[in-house]
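Next come two complexes built around subunit A: one with subunit B, the other with subunit C.
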Partner chain A sequence: MADFNVQVRGVGHVSIVDLKGYLDAHTAPELESTFNKLIEASNYKVVVNFDELAYISSAGLGVFMAYVETMRENNGDIKFANMKDNVYSIFDLLGFPMLYEFFKDEVEAIEKFNNQD
Partner chain B sequence: MSEKTKPFEKELIIKSSTDNLSVIRDFAKNAAKESGFSDDEVGKIVLAVDEACTNVIKHAYKYAPEGEMSVKIIYDTSKFSIVISDEGADFDPGLIPEPNLKEYHKQKRIGGLGMFLMKKLMDEVIYREKVNNKNEVILVKYMV
Partner chain C sequence: MLTKLGNLATSRKLENAIFFSIVLFVFKIIFPVIESTVFLFVNELLVTGAVFFWTLYVIDFVHSKITAPLSIVLNAGILNALIFFIISVSSAIFNDVADIGSKTDFVYTIFSTLLSFVFVASLTYIFSAFRELFYLRQKRDPQKYFNTMVLFVFLASISNSLMFINSDLDFLKNTFYVVAIVMISINSLRVSWIAFMIKKQKLYLLIISVVLSALFGINFALTLNDTLVTDIIINFSPALHTFLNLTMIYGTIYFAIIFFTALFHLPTAEAFDRKAEELSSLIDLSKLVTQVFDFNELAETIVSTTNKVCNSDSSWLVTKKGNSYEISSVNNIGYVIADKLTTAILDENSDMNELVTLNQRSIKVKVKNDLHTVNFNALAIAPLKVHDKINGYLFAGRKQNMKFDVDDLKAVGAFADYAAVALENAKLLEESLEKERLERELEVAREIQSKILPSRTPVVKNLEISALFVPAFEVGGDYYDFFRLSDDKLGFVIADVSGKGIQAAFIMAEVKGIFESLSLLIESPKELLSKANEILKNSLEKKSFVTAIYGVIDVKEGRLSFARCGHNPLYISRDGKMTPYTPNGIGLGLDFGSKFSDNLKEMEIKLNNDDIIILYTDGIPESKNTDMDDFGYERFERVILENKNKTLDEISTEIMQRVSVFSEQKAQHDDITLVIFKWNFNNNLTGEC
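And now, the complex of A and B:
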């Protein structure tokens, strides 16, 4: 079974989603459930920290596509941080840099949200 | 590549559960490494195989975990081919048009990305409908 873990931390009004391991069609539902909980709690400002994510397939990328509009409609967003080159290259192939913000470090992503408030 | 690996064939027969994707990835990874691909190329092959098998599980077996699929790897020093076959419902990922990615994101179309990725990651993606009652997807990477 693929090793995957998702945890949520709060930093001020921003929710940090820490991903670890392998995000594929088997583990993507766990991430969906995390986004559903964030929406239920009206937490729309989300930074996803990819520091410990080793692998992603399109099933994982699809999760971000499915939830980003809801976040944006509620004055929030999904921003990406601490992504490794091999993972970024997949996001790049699928055109994500046109529509999502990527940051080297989660602190920069959090600041971007705070400056908008 | 300093020393050429001898040609080989390996086959993994496995049930159509998403739980098995990690086993399939390890199988593809080891064979790609054995053939002498760089880490970067190994990563591309592993992802393409994952996407092809995810499509089989999703479209041919509609997430029923008891279907059977075969992942056969054929390495012959000039090319590395992965033949993925199933006995599930007919589907033709080849008919999916290449998406305009900006429109794609706007429409929140979260399917079809796998086929798009496979084409980007591999040199060739061949789809064969129902040969001996099996669907086949063949992924090819040429050795350089």
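And now, the complex of A and C:
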């Protein structure tokens, strides 16, 4: 099956989640556990970097929906960055841009977090 | 010939035996004393027949008790004692033959004949018993040795009779007699069955055999003396007397040999018992491995058998769970102690691929504030290996100061192997059960889906309708429906529930209920979808959402109004052009606040004649080929334009064909739904509204 990989980096108070490969119903639990760990460590400011993500299914989208509330309640957020056009169009179609912030580059997203503080 | 007779049905053997006995009895009553050669010949023929068939019959009976050789020995012994009793009592009462008058006296004849029959019966049983014991536990067929012996016993017996005719034949009798004794001695050596007795049985046998050997010896001596009984037997049949003689010799020799064999086997009896127990535990375990589905239950048995067979004091089994080890069962050791010991040992010896033995190991464990020190003098650890993968370890520990010997270690290894197989079996079973459960779930989900989707498209004036649904292997959560709102208005919905399987199917069922009821209450697509979002708030999981397009077609006015919640664009094909319509709208369930309705736009389109409205789910544009390329929108648009003049059903089929050609080898990953309308004001062919 298609590969999927999640890695977390820390830039200041912000956690960067790098996604790689195919995010679908089978790989979504891996991302879920990443978010659980972030919440356990009280890291609520999250930027998801989509640079190397090839595909996202509805189950993959669901992961963000499941965790965004917790992040926002704790003065944090999930922001999206470096999304390719084909992936963005999926988010766009669903209306995600009305509910989430999208950035061309993760630096902008980090800056946005930092400006808030 | 003999084998053939041996194969006779038991009832036939009995019939023959009884026949010969009755004839013999009658013959004896008529001719109590044999005076001529012819009579002697007939007499011996009858006796031989009776003895032969009785033996055949008794052999079957004895053979049924073959699993308990000790009881056969005991029975033979009792009969032998009976013979002893009869001979000694009769000798004591009647000192002289002359005491009981003439041999031709009728009472005497009856008495002596009956007595002889008792002897015949006892002898046949004793002889059959010897035969069964002889064949017991023999690996090779020793038939010819036994048959040769029987032959010589027979010849010796018959030649004894011949002496009555001509006493010069003495040498013949003696020769056969000696050969028979030699054969008896040789055959008596086949006593390997003793080895298979447990120690207690061997002891028991030791005592019985010395008593029986002596008793047979005494009987032999008694039958040589000139007692009343000897006289009666010789008068009854000289051959029977020799047979009696030889049988007594057989018993004397045989039981003497049994005595010594049992005596020599006694020191090894314990080791033999242990081996036997090991073997039977292994057999029991191999049965259990295939029968017991609960691994823990089997693990209990394995540790307890390990302790029993390997003479260890404590035994426990650990299995691998992820990266750590977990105690599965313990015997004669506490869980906590076993756990601590295991962790300590595994930390030191990370790579135990083979069976390992350790010396001297103490562990201090605090249980309820008491410090316990557990000390093992020897430990054996065997890995549970399947396909070179270690799934756990079997531990055996000895507290007494004695190392494990080679046999103990072999046993520990064997038990570990069984545990490994059982563990693997249990895992496979669990997997197959899980698979079965998933399949059953899939079936249920498919059934729900097939019941939710409309069974046929409605017939509406001015409107041609085609709907196509192709389910994926795993239910994808696609849903479409039509609602007749009034004579001129038709409501429609196409939706896609996120996720798959039974969960998606349940949400689908709920979505259907919501749209069915709301379509009757609310005319505006935007308002209807906003209300639907509010209702779904209570039932949708955080991570689930539903994309949908709800619309109403006014077939009289030629007007389409619709709103889109995160769903793929609605297409209209008009004048050779495909136009996607993507009015703003967030997917149902993504936001339950005001953002949803704030961002939801309703669209109204005035339809022209022959406009084709195309609704679909992402199964079509996201169909993938083996290179993971999408079918995409361009191909989709092209197929429709190329076929726009065909009927809607033909267009649907064409699209599906193109999708399946494109994705060729790749299994359909998601449900595919396609709903197409064509409006034509003048088209009434489709019938009444």
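Structural remarks
Here is the rule we use: the second predicted complex is superposed on the first by the 117 of 117 C-alpha atoms of A that agree within 3 Å, B and C clash if a C-alpha of one lies under 4 Å from a C-alpha of the other, contacts with A are read in each partner's own complex, and residues count from 1 in each chain.
Simple rule for what comes next: a contact is a pair of C-beta atoms (placed from the backbone, for glycine too) under 8 Å apart; a residue touches a chain by one contact, two chains touch by 3 or more.
Not measured: the values here are computed from a predicted model.
Shared-chain residue A:Ser58: touches subunit B and subunit C both.
Among subunit B and subunit C, the chain that touches a larger number of residues in subunit A is B. Looking at the shared chain after the overlay, A:His26 reaches subunit B, while subunit C stays out of its contact range. Counting contacts by the rule stated earlier, residues 2, 25, 55, 58-59, 61-62, 65-66, 69, 86, 93-96, 98-99 of subunit A appear in both its interface with subunit B and its interface with subunit C.
Residues 18-19, 21-22, 25, 40, 43, 47, 50-51, 54, 57-58, 101-102, 104-105, 108-111, 113-114, 116-117, 120-121 of subunit B touch subunit A in their complex.
Residue ranges of subunit A in contact with subunit B, taken from their complex: 1-3, 22, 24-26, 55, 57-59, 61-62, 65-66, 69, 86, 90, 93-96, 98-99. Put simply, subunit C touches subunit A in their complex at residues 496, 498-500, 541-545, 547, 565-569, 582, 584-587, 589-591, 595, 599, 628, 630.
Of all residues in subunit A, only 2, 25, 54-55, 58-59, 61-63, 65-66, 69, 86, 93-96, 98-99 touch subunit C in the complex they form.
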